[in-house]
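To keep things simple, chains are lettered A, B, C and D as they appear, and every chain counts its residues starting from 1.
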Amino acid sequence: MATRFTSGKFWAYMGLLAVLAALPWTLKGNYYIYLAIMVGIYVILVTSLNLVIGYTGQISLAHGAFYGIGAYTCSILQVRDVLTFWPALLVAVIFTGVLGALVGLPMLRARGPYFAIGTMCLSIITALVLLNWQGLTGGTSLGGIPGPGQPTIAGVKIDFYSNKVYYYLVLIVAIFTILAVHRIVHSRVGRAFMAIREEEELAEAIGVNPMRYKVLSFSMGALIAALAGGLYSGYMGAIDPEIASVGMSFNLLVMVLVGGAGTISGAVVGTILLWMLPEVLQAAEEYKPLIFGLILLVIIIFMPRGIMGKVRAIHPRIAEWIP
Amino acid sequence: MEQIAQQLMNGLITGSAYALMALGLALIYGIMHVANFALGAIYMIGAFLMYYFVRWVGGGSYLLGLPLVMVVMACVGALTERYAFRLVRSAPHATGFIVALGLYMILEGGSCVLFGHDWREIASPYNDVILNFGPVIVTLQRLLIFVVCVLLAVCVYVFIMKTLTGKMIRATSQNHDAASLVGISVSRMSLYTFGLGSGLAAAAGAMIAPTFMVGPAMGLEPVTKAFVVIILGGMGSVRGAIIGGFALGMVESLGAAFVTSMYKDAFAFGILIIVLVFKPTGLFRR
Amino acid sequence: MLLEVKDVTKFFGGLCAISQLNFEIREKEILGVIGPNGSGKTTLFNLITGVHKSDGGQILFRGERITGRRPHEIVRRGIARTFQVTKLFGRQTGLNNVIMGLHCRTHAGVWGGLFRSRRTRAEEKASRESALELLEFMHLSDVRDTPAELLSSAQQRRMMMAIALATRPTLLLLDEPTSGMSAEETAEVVDLVGKIRTGGVSVLLIEHNMKVAMGVCDRIVAIESGEKITEGPPEEVAANEKVIEAYLGKD
Amino acid sequence: MKRVRFAAMGIVGALLLLYGGGSPALAADTVHIGFVGPLTGGAAFLGVDALKGVKLAVDEINEAGGITVGGKKYTLSVEQYDDEATPAKAVAGLRKLKDRFDIPVVIADVSGSSMALTEINERLGILWCGFARHPMITQRGNKLALRYEGTVKTDTDLAAMGAVELLKAKTYAILCDTGDWGRGLQENFAKAMEERGVKLLGTEWFDMRKDSDFRVQITKIKALNPDTVKIVAYDEASGQIVKQCREMGITVPLVMTTGFQTRGVEIAGAENIEGCINIIGPANFSPLPEAITNYRSNFEKKYNQKSASYGENNYELVYAIARGMEKSGSVSDAHKIKEGMMAAVPVEKEHRTAWLQKWTENGDGVLWRDVGFYKNGELVDRSGNLPSPPE
């Protein structure tokens, strides 16, 4: 313990934390805070996908579906006055986690492109069902979601409608997600994941049950995705089937790979970049997709292992400081 | 009964477009192990080229436009290989996928800027010729789609199986190192394959477009379906791609007809999932 | 008897890769399997370790039937193996490779990983130490922080053995451990194999290099096209004309 | 390689500058109106045309000297944001426009985005307007939502009446889009037909955002052989459907929707829609109201391309906003502006492209509507005369 407080790394992270905590007070106007909140939610999402793609090496295109299912479960429970936000969120998270395991069991027998396209189909079907099962999901859009609202805890009224408060909520969840994933991948379980990623046959030969660990990581990913979905729906108040679409899954995949698959920081960098770039490119109007694609291409061609993959490869010291 | 016949015909025609796309994808996957989404954009641009060809040269020479479109887009496809995919050949497979997505965005975004967002029709003369085979009704254009697709598919099949280049391509897709050992230039082979694949996709676009409308957004759906097809057929299997394409078309139209049209698109994807559950490596693995 | 292989048979499509094969391995024994290419040696390994399911016969390990079990179950029971083509966790450091090998002898789960309980931390510490010992033992201490994909081929093959040993086997299957090695590298491996045996681990060894086989093995099983030609002490087997013919026939 | 890298860096840098330099000097005498819609991606064909309609009106107003509120002259300016039809981005856009331009009014026409926007617009004090069709938008007691579009109820009742009176239909089938507008129409139409004792033989679905081959559904409907088919889709889709229906041998007259306008007729081909029923709106008046003729000709002049019908509503909407501001005497208070707009419609004849007459108290538009049928390419009223503007 004593060493921790003397290590520069520790204090560097404390500093970063302080900056993040101060952010809403430095950003002027609620647009940037909104972006910060969205980025936060996506960091949770992408970090969880990174667990599946980056560390276990399974290219999943179903993550958007789990995000959507989480959001819809959480929202429907609230809209139908079955539960309030927090218990609804809990139910959504558990439900989606279990669903992830049930879906993963058969799907993960398929490998590489077969798994990727198979999961892509899952997303497409999920979005279709959410759109067409109107009685349950409200069709093209589900609105009027209460969210966490303005509870009074120990005499203190916490207004989750205020951007600042929600920012801190998301920030905390994001930090805990990152810490959790970081710890998992640096544990025996995480090593099993990476063993599967790098040499499945050898992994099996040293006693790793590939199916067990693939399903584990897949359903953990789904579970965290649902958490992000719940936070998103609670903040937006309205959701639509597009959040479960294959397009969403593609975006998430791009964020993981551009940021740097299999690196904790990569998920964060990728998310920030892919949220900020389109905002910046608003100025380019109809040239937006063109330039966006071009930048994407250039990044991935010059940094095939993603931005942080490249950065961490520069010097072991960097790799040691930036996870 | 009449309906079944008509639905089979509908399926056969949509299926033939899927088959062409899938064939292109399968060849490219076989050689470079990259899921080339950009073919969706190639398909769309192929349709646009045909639109302008017909507008400038006139609908009469519609069929003359086809080879032209194919050649142009084959060159475009080759360019994407040379200046994008080849650069990440040694990188992990997923990287190639991102390159494909990037290219798709560039091509689609580009055509939005060039051609605009609105939908237009291709005035093919064969659209208005309606043929009746007993209960089955089909326009000459749609019959042409089927015929041309089958012809192209057969040609490609023969090319791959019989000709020397075809054999070299197959050898390369089996093992790059071995191929280069016996003196095959892997780069040239993949260049050819990307050209061929793109040409096929463009042909699919140019043929199918006159039966509905042309717009920059038209590419995504077919390429997604084509992916389902090559997975069903077993990645990289030429035979699987062709058979799978027609099969998928049939399943879709029959499913929509006799189950529900609300989930028309779900059938393709649902079936794929079921297949993967029971045969995780597709139906015809090569 | 440690391992008993009883008329095991394996078909690939039509042709028969292994037919009615019989042999056993005693405790603390080094048994060599020799035979020309494609005689089914590696198939035999895959059958023992559960990669392939046998089409007939059975395999007993310490009297327990292990035929039909999955590889990760079999390794838990104490049979570890290396591969003919080098397989390592390329992007991981040498140390990590061996620690990964300890997977089936450690227990921490998701919760352990999340909360870093005292038990988990102790386990991590222990596995780190035993991994370092193993690296030491395999003469790999100096590459503990090097990614495995950057090692020399000889180091990589020793690393494979280290990973296999990390699973604490009682039977170690080595698939051509010296292939593509120089004379002294080979000698090093031969010496290590001896040490492993004295450590109480039996070894089943596929070997191309007759000299090595002769030098290190207590007994040798010679197979050709999936059938046992002969079995016995090295010099006997070497003298066996069927074996000689098989080898000459091959060259 | 190096060069490519530098080029890329260049592009990014330039854009960052563009972005940084983009923030405007908030001129005191400028009123900013927000537009949030899909300007790129699959739905762009809708968003781009809708935005062009807005810009057309704004430019006209400014050329005419802007608007006068409380004796002070203001010029209008549209601040656009491309949400790619994703609600999350739409909300980002609204907040951005609020921060940078303090917009009092936002125009958004896509349902999903509008649903998300109307969750927060009251908190931000921004009035939402647009022709997004999702019924929920105006049913959540939102005080700051004005839908610039009628409810489907009136349309379906008229259409049903037409189907019975003009086509004497005893049985019918529906070919319908799965979107909220489509579903709403389908439910209401089915109810209206039931009341009139017409038998529903079957309902087929498609997604007009991406489908373009409807032959499977058409084949299925043909097998039912109904007296008429109700077709629910916008111009492009419904136009193709009519064409494909005729191609596949469905010869009965069809019942169209307000989504089927001139562009649709163009695609379908005049000969194919002879005798078909459709809702009569101002766009069908003959002579065509000069508001619409002007709109279309100016549109072609300005953008040298034909206008799709999406921009027409927004064109009139902008005038309603402008007049509303003038009436209310406020360019910043959304609530006042809303009151003003409610008092300001219908807008002056020369700008009536949509003929919105008034709003219901929960903010649904009431548009002038009648039903008629196509006679040699023209939509004529029930008595077979060319429809004329009401006085």
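In this section, contacts are C-beta pairs under 8 Å (C-beta built on N, C-alpha and C of every residue); 3 or more make two chains touch, one makes a residue touch a chain.
Just so it is clear, the structure is predicted and the values come from calculations on it, not from any experiment.
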Chain whose Cα mean lies nearest the overall Cα mean:
A
What's the distance between the Cα centroids of subunit A and subunit D, rounded to whole Å?
35
Here the gap between subunit A and subunit C, centre to centre from mean Cα coordinates and rounded to Å, is 41
Indicate the whole-number Å distance between the mean C-alpha point of subunit B and the mean C-alpha point of subunit C.
48
Touching two or more other chains in subunit D are residues 40-41, 48, 178, 205
Touching at least 2 other chains, the residues of subunit A are 132, 286, 288-289, 291, 294
What chain pairs are in touch here?
A-B, A-C, A-D, B-D
Subunit D - residues contacting subunit A, complex
1, 4-5, 8, 11-12, 15-16, 18-19, 22, 39-41, 48, 81-82, 84-89, 91-92, 95-96, 98-100, 111-112, 115-116, 118-120, 123, 134, 136-137, 140, 178-180, 183, 205
In the complex, subunit B touches subunit A at residues 29, 35, 84, 87-88, 90-95, 97-99, 101-106, 108-110, 112-113, 224, 227-228, 231, 235, 262-263, 265-266, 268-270, 272-273, 276-277, 280-282
Subunit A - residues contacting subunit B, complex:
53, 59, 106-107, 109-118, 120-122, 124-125, 128-129, 132, 246, 250, 253-254, 257-258, 261, 286-294, 296-297, 300-301, 304-305
Once bound in the complex, which stretches of subunit A touch subunit D?
28-32, 34-35, 38, 131-132, 134, 138-144, 161, 232, 236-240, 242-243, 278-286, 288-289, 291, 294-295, 298, 302
Residues on subunit A engaged by subunit C in the complex (per definition of touch)
180, 183-184, 186-192, 194-195, 198-199, 201-210, 216, 220
